[in-house]
Structure formats: structure tokens, C-alpha cells
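Each of the next two complexes has subunit A plus one other chain: subunit B in the first, subunit C in the second.
This part shows the complex of A and B:
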């Protein structure tokens, strides 16, 4: 009743959720085995950056634009063209509709 | 009670329409009275939507006809008549499914609006336009007549443009409203020309009547092409999607959520044209594959362009466009394979249709959360945000639920519908499934970017406050739908999706018989 069967496979979210929670419980149990006798806010928990000063948290925050900078650069050819198509000019919007209408008419005429 | 049940289809349109005229009057008595009246009308409308859907689904989604002014109310052809000329509503499993989606979004958006517009004036204009939009969407989903569909489509367009440009002090809102109006006008013109062609050919515009008459003649095909492009444009299918980015991005947050329901109503219209109006009368495999190609383009353009955005609402708008691609992919595979490979074609239909309600809940939730973020931080620029999760824990959690669901992460609802689409489209072509899965992965990356940039990291903004209780409750309502539909997909597929898919897939004859008899 709660799952779905597509005819190609089955999906039961309750079983998946139970398994997921079980794995989380195991992970937490392993974490609980770790040492608890370290002293917070001392040299024991201070980040060591090869002797360099640790930057302020505000300076470490990765901004929205920067997160996928590498991916956008790698796909710069695609993005240059895709951006060029999104001009924001109304007459271009109309042109896309007319072009699509033309393709639909051709397909309907050919497939008739 | 019985009279209410019998007249529920027309009351579902009449109630929000009445509210649109009553609210400006009661608004003179103050915002508290106005909000109370808006709340009552919204709940009444949602209850009627539930009643209409329950009546139809109790009959396994079989069409139910309501003829205006007839006695009895299902008298479609008075003695001697061969063409149904009266205005009529014809509600089947697919219509009922759409009505429930609209009601869900309407309740969430209205509740959210109470808090969102608390400090703004203009509520006496905002709520009437919202009710007008809802009345038109319900009308589009219920009507059995193409001309009425056109009228409701136009009313929805006018109300939507008014709401998109509702904040006149934002120049970009005005520009978005103007562009949307221009695109809606062109689409409306296409629909009107198509109706003229069909009326000239067959002498009627009742969908059931036309369905029994249309064929593969040139003028019928021209009408089909015009309807496909017009409704595809209004639904936001690429490459005709560009208005949607402006509209979703610039409208007030609750209106962006309602616009998703409005776009889905246009998509419903497209499905109705393809399956019920033309159906087997036009067997054009090329058109089916063209729809699949458009769906893949919509998916791909939506997610890849979302990755570039730094405006949180425009980013979600691209996400919303990409989801239209999933729905179109499912139903497109179903349309293409209805005759040749029905086994997986029907599963594809179920997936595409199931994704409509899942999308409305996830994207609605994300737009509402984005509105809360904008209100709290005073910016929509992701580059200027950071650490909002420290002060907006509930909003962050609800946003995460919506984002994970939209990206198709189990066990949320988006995964269930996407699984049906992946598996059935794989059977049609493995490339389709690969693109659909890749798009979901990219979508997850996109929303990780938003979550990381806005909610994680150190506090970068001062005086940030959590969203108000009313906004949180409306977001929570959609989040509950996301989780419950995700944990119990089998129940909802059996009770809601399958009757809707059958109504489209197998219900053409029943739809025609309900009006023409025989």
C-alpha cells in the first residue's frame, strides 16, 4: 500500500527510511566510541594551517557564485551560448514561439 | 448537503469569483476583517474542491457532467439536438487531480500572504486578483468547452499579470508583468485562432463533441499545432519558457507558488488537447517525439541555467521550469507509446502526472521559503547572504526538505514520481532516462549551492529574524505533503494518480459518451 511497483521495479520508502535510520544509528554509535577527553577552545581543537594564522570565519564563507566556479568555467562554451539566447528582449521571446510553431507545423504536415 | 454536492462544480468557480468582488468591500472595515473574510472564502473554496474531487474519485474518476441551466443538470442534448451548445463542466479523474493541486497551493499561498503582506498596503487589490486567478484556474480544470477554457485562460492571464506587477515600486516587477502579458496575449491569440478553425470546421466547441469529429485534416492539424504551442508557452516549456523566469522571479513569493499551479493548469490543457480532444484521431509519432525533445530541452536548460543564477527566486524559477520538463517527459512518453507499448507508456503517464502534485508542493515550498529569506535578509542576492540558518532554523529545515524533494532524493515525494519517469523513459530510450537522472543530480548541486550560500557559514547579516508563525505554518503544510506523499506514494498513486492517468489514457470514449450519450 505504501510502496509503488512500476512493473520494472519496486520502491518501498518505509523500508528505505528504516534502513537509513539504522545506518545513522550505527554511525552515531561509532562516533560515540571516539575520545571525549579533549579540551575545547584550547590548542587541542585549534586548526593548524602549517603555522599560518587561521582566517576569520567571515572570510572563509564560499559565496554563491564561487561554489561551482570550476564547473561553469569548464562548460563556458555552453554557457556563453545559453546566456546569449536568454536576452530578456521581448521580440526574441516571440521569435522562439514562432520558430517552435513552425517546427510543429512541419512535423504535423510531414507525419500526416 | 446533497444540493451542495450536486452544485459543487459550479460553486468551486463561483465562490472565489464572489470573493474577488466581496473582499474590496469588506477591506474598508480594516485588514483584520478583510483577512477573516479571505480566510473563510479560501477554506470554503478548498472544501468545495475536496468535495468535487471526492465525488469524482468515488466513481473511479468517471466523468461527471454539470450543464448550466439544464434540468436535470446532466442533460447535455435536449430533444432533437445533436450538438451540445450549453455551457458545461465535465470533471473526470484528471480534472479532480488538478483541482486538488490548485486547492492545496491556494490555501498555503493565502495563509502565507496574511503575514507576507502584513506591513504592506494594497491588500484590497491583491486578494481580489488572487481569487480571480484561482477562479480562472479552477474553471480551466473543470470546463468541458474549449471556448470557456479560452475565457478562463484569459482571466487567469489578466489576474496573473496584475499580481506579478503588484509591487509597482519594483521596476523589474513591472517589466516582468509586461513581458508576461505580451506572451500570454500571443498565446491567447493562437488559442483563439485554433478555436475559430475548429468551430468553422465542425460547428461546435464542446470538447466531447469536437473529439468525436476531429480528424487528420489540414485545418484540424493547424489548430492542433496552435494549441500545442500556445499551451506549451503558458506552461513554460522551453524554448518558450523565458517569460516564466521573469514572472516567477519577480512576483511576490506566494504568487510565484500560485503561478506554478496556473502553469500546470495550462499543461493540463495541453494534455487534454492531446489525449481527449485529438487522441487516436491524430496518430503523429513525430509530434510525440517532438514533445519528448522539448521536455528534454526544458529539463536541461532549466537545471544548467539555474546553476548560474545568484538571485534566489530566479534560481528557483529555473528549477520550476526544469520540473515542467519531467512532467512533459512522462506524459510525452505515454503519448508516443500509447499504441505501440502501452505497458510502460501508462507507467510514464503515472510518473508525469504524479510529478505535478509533487512539483506543486516542492516548488511552492521553495518559493515560500525564498520569500521568507528575502523578507528577513532584505536581499535576494545569494552572494550577499550567509549564515541565515543561525537565525532561521525552521526556514532552513523546510527549505532543505523542499530542495531535497525537488532534486529527487529519497524518501521524499519527488523521488517516487521521478523513479516512475526514469524507468518508463528508459524503456523508451536509455538516453532519455540518463538525461533525466543527470538533470536531477545537477538540480541537487544547484540547491546545495543555495543552501550553502544562504543558510550555512558564519552570520553575514545583522538583525535577521525567523519567518513569522503564519509563514512557517503555510510552509510546514506543504512540507507535510512532501513527506507524506514521499513515504506513502502507493496510496496516492492508487487513489489519485491512477484515476487521473486512466482518465487521460483510456478515458476519451467515456468523456465523449458522458456528453453525447451512446
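This part shows the complex of A and C:
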């Protein structure tokens, strides 16, 4: 089972997969030691919501902007400026790509 | 050949069982010391073992609208992924069991898997509290991964400039060649900053106060764990215990890999025992300063505060550490 050896490090996906499946078997064995039963379709299987009525499953979908709320709020200054740069004009985006590539090439040239 | 396979299975079982047992012991020490710092007596050291046994004896409730296979599968994947991590880390002065088959990059990925599994389990529970917790877990993951990767890659890069022929991402090589022995004053300051950044990342990786925002018992009733009970919760509990050992062992391997036996001119089995005992103490020191003291001394942050903390000051500290390592090479 030869993996990849880049000279900087090694990675053998087959060894990890075999190991992972072996440990999954152990985890399932531990799980099998536990109690399996519960009272289905009773108050026990309703989600805990501090006494509030449980919403329908279709009302539980999370919107994309809510998903990243903490990140956007934390870096609100950055996002405000980044949004302002999104003009929707294609040539502007090409300009950004060219300028960024130019900076990367300058950094690579300096680093050599 | 049969003996070789038998020895490998024996060593693997030792790592698996030892990792889980040690994790539970450190959990017990954590709870006891935290209680004493708060002028409480606290539970006995063996309480985490009782917790696992009790959870296994409890009903394993799956909510009505949950996606059952994802909800039940997440704890298994979490425990398996974090346990596999132990096979790629140097433990107790011994080289990683599978060090030739995976390196630091694999370790970075495997550290993220338990958090992703918890997130999937949280979303699969179809509970508003668990959903909010899963969203927060995702933001946390996106926040602390950046300084973590900067610190780890900076160390490997600096070692590559010193030992160009070595596999610098190999944990064996990193542990056998601590950078402190090679760098000058600038590099030493850089290493201190990188160690500091990783000490801040550690409680976030382990979802401990002040970064237990995805669980936040007093606010969202356990968040992504709110609907978990019984054997599923027992597996998450075990995964958390093993991850504590893995994260502390990673920090020890990168920053404090020194043994004690060779300094005491010991050899043979006694040397091995002394190094294992010394390793356990080093892990305890890391857990004490990065988990216990921090969780007793601080209150829980809000999710945007935590994201800001990791993206600005902690990433800044990591970048300064990285630049100092670069300057150390130039100097």
C-alpha cells in the first residue's frame, strides 16, 4: 500500500481508510453496549424548545445570510468595503484579477 | 509476519484504549481543578467514567423530524476521526504508529472532522437550538482554522530551511528537531507567539469556555448537543475526551518534545516509563493553562466576538510569529 511521499511529508489514503473503518467498528461496538430503546412518537421525541411550539420542519431551513451571521458581523468593516467593490461590471472583475496576479508575481519574484 | 501483525494490533489497541482512558482522566482532573478554583469540592476524578456508563444506560432519543442516519452517524464519525488522529501523533516519547503514512496536513484535516460531524448532527436534529449551535460551530471552525494553519505551516517551513532534505511535515521529524534548538532570538520570539496563538486556538478546538458558543447551555440549552442523549451523547463525550489528549499532544510535539530520560542518563524500560510519565505531565500542563485556567477565568464570548478575536488579534499574532521566523532565517 504505497502512498504519496512528497519529500515534505507523506499521505496514504488506503491506510487511513482501513484505520478509520476499524475504529468505526470499535465505536459501533461501544454504541451497541448502550440502550437502544426510546418512546417513539411521544412528547419525548419532540425537540426541546423551552416550552415553545415546535416549528414545522420546512420552517427550519437556515438562510445563507443567517448561516454566516457571526462571521459577517465580526468582520463587518471588511464586508462593507468588499460589497462596495462588487460593481457587477465584468471589466472591473478582470482588472481585480490582473492586479492581484501582478502582486502575486511580484511577491514570487522578490521571494526567489 | 504474524508476530508483526499481532504487535501492530496490540500497539493500536493500546493507543485507542489509552487515548480514551487518558482523555477521561484529564476530564476528571479538569473538573476537579476547576471546582477547586471556584471554591467547590467538585466531582471525584472518576466521574467522567461514571458519566459514560450512565449515558450508555439512558434512552437514546431520536427526534421525530431528525434525519436518523445522519443524527446517529455523526457521533460515530466524530469518535472514529479523532481516535485515528492519535495514530499520527508522537505519544509519550514514542514515534507515531502511522507516522510514515500521514503528516501534519492530515492532522489539520482530522482535527476539523469532529467539529464538522457535530455540525452535521446538529443540523440533522431538526431542532432550532441545534441548528443555531451548528451555525455557530461553522463560524468557529472558519475562525480558528486560519491562525492554526499559519502556526503549523510556519513551523514546518522554518524547519525546511534548516533541514532541506527532511520530511518537515512529518510529526516524527518535527518532534525530533525542536525549532528552539536552531533559531536565534527573533525566531524564539516568533515561536513564543505561535505557541501563544495555538494555546488560544486549543479551547476553541475543544469547544471550552469562553468558546463553547455552539453549545452554550445557559443560552441555547446545549445547542448542537441539545437533542443528543444516551449512547450517541456518550460517543460525543468520548470524542471530546480523546480530542483533548490529541490537541495537547500536538502542542507538546511541536513546542515541548524534549524527553527527561536522556537528561537523567536513564536507559531501558525505566527510560521509557520516565518519558511516558513526563509526557503525561506535559499534556496536563497544556490542558491546565489552555483549558482549565481559561474556562474558570473567562465568561463565554458572543459568536461575533469570538470570530473577531480569531480573525484579527490571534491571526495577527500568528502572522507576526511567521514574519519573525522569516526574519530569523534572513538574519
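One rule holds for everything that comes next: the second predicted complex is superposed on the first by the 86 of 112 C-alpha atoms of A that agree within 3 Å, B and C clash if a C-alpha of one lies under 4 Å from a C-alpha of the other, contacts with A are read in each partner's own complex, and residues count from 1 in each chain.
What we mean here is this: a contact is a pair of C-beta atoms (placed from the backbone, for glycine too) under 8 Å apart; a residue touches a chain by one contact, two chains touch by 3 or more.
Model, not experiment: these values are computed from the prediction.
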(message) Looking at A:49 after the superposition, I want to know if it touches subunit B, subunit C, both of them or none. Which is it: first, second, both, neither?
(response) second
(request) Determine, under the contact definition given at the top, whether A:38 touches first (subunit B), second (subunit C), both, or neither. (result) second
(message) I'd like to know which partner A:62 touches here: subunit B for first, subunit C for second, both or neither.
(response) both
(request) Would you sort A:9 into first (subunit B), second (subunit C), both or neither based on which partner it touches? (result) both
(message) One more residue to check, A:23. First (subunit B), second (subunit C), both or neither?
(response) second
(message) For A:71 in the superposed arrangement: first (subunit B), second (subunit C), both or neither?
(response) both
(message) Once chain A of both complexes is superposed, is A:107 in touch with subunit B (first), subunit C (second), both, or neither?
(response) first
(request) Share the list of subunit A residues that count as touching for subunit B in one structure and for subunit C in the other. (result) 3, 5, 7-9, 11, 16, 20, 57, 60, 62, 67-68, 71, 75
(request) Spell out the part of subunit A that touches subunit B in their complex, as residue ranges. (result) 1-9, 11, 13-14, 16-17, 20, 56-58, 60-65, 67-68, 71-72, 75, 78-79, 82-83, 85-86, 88, 90, 92-94, 96-97, 99-101, 103-105, 107-112
(message) Under the stated contact criterion, what part of subunit C meets subunit A in this complex?
(response) 12, 16, 55-65, 75-77, 79-81, 83-84, 87, 98, 100-106, 123, 125-131, 135-136, 138-139, 142-143, 156, 160, 167-170, 221, 226-227, 230-232, 234-235, 238, 303-308, 311
(message) Please output the residues of subunit A touching subunit C within their complex, sorted ascending.
(response) 3, 5, 7-12, 15-16, 19-20, 22-24, 26-28, 30-31, 33-39, 41, 44-50, 55, 57, 60, 62, 66-71, 73-75
(message) Can you tell me which positions in subunit B touch subunit A when the two form their complex?
(response) 178-179, 182-183, 186-187, 190, 216, 218, 221-222, 224-226, 228-229, 232-233, 239-240, 242-243, 245-246, 284-287, 290, 294, 301, 304-305, 307-308, 310, 343-344, 347, 381-383, 385-387, 410-411, 415-416, 419-420, 423-424, 426-427, 445, 448-450, 452-454, 457-458, 460, 486-491, 493-494
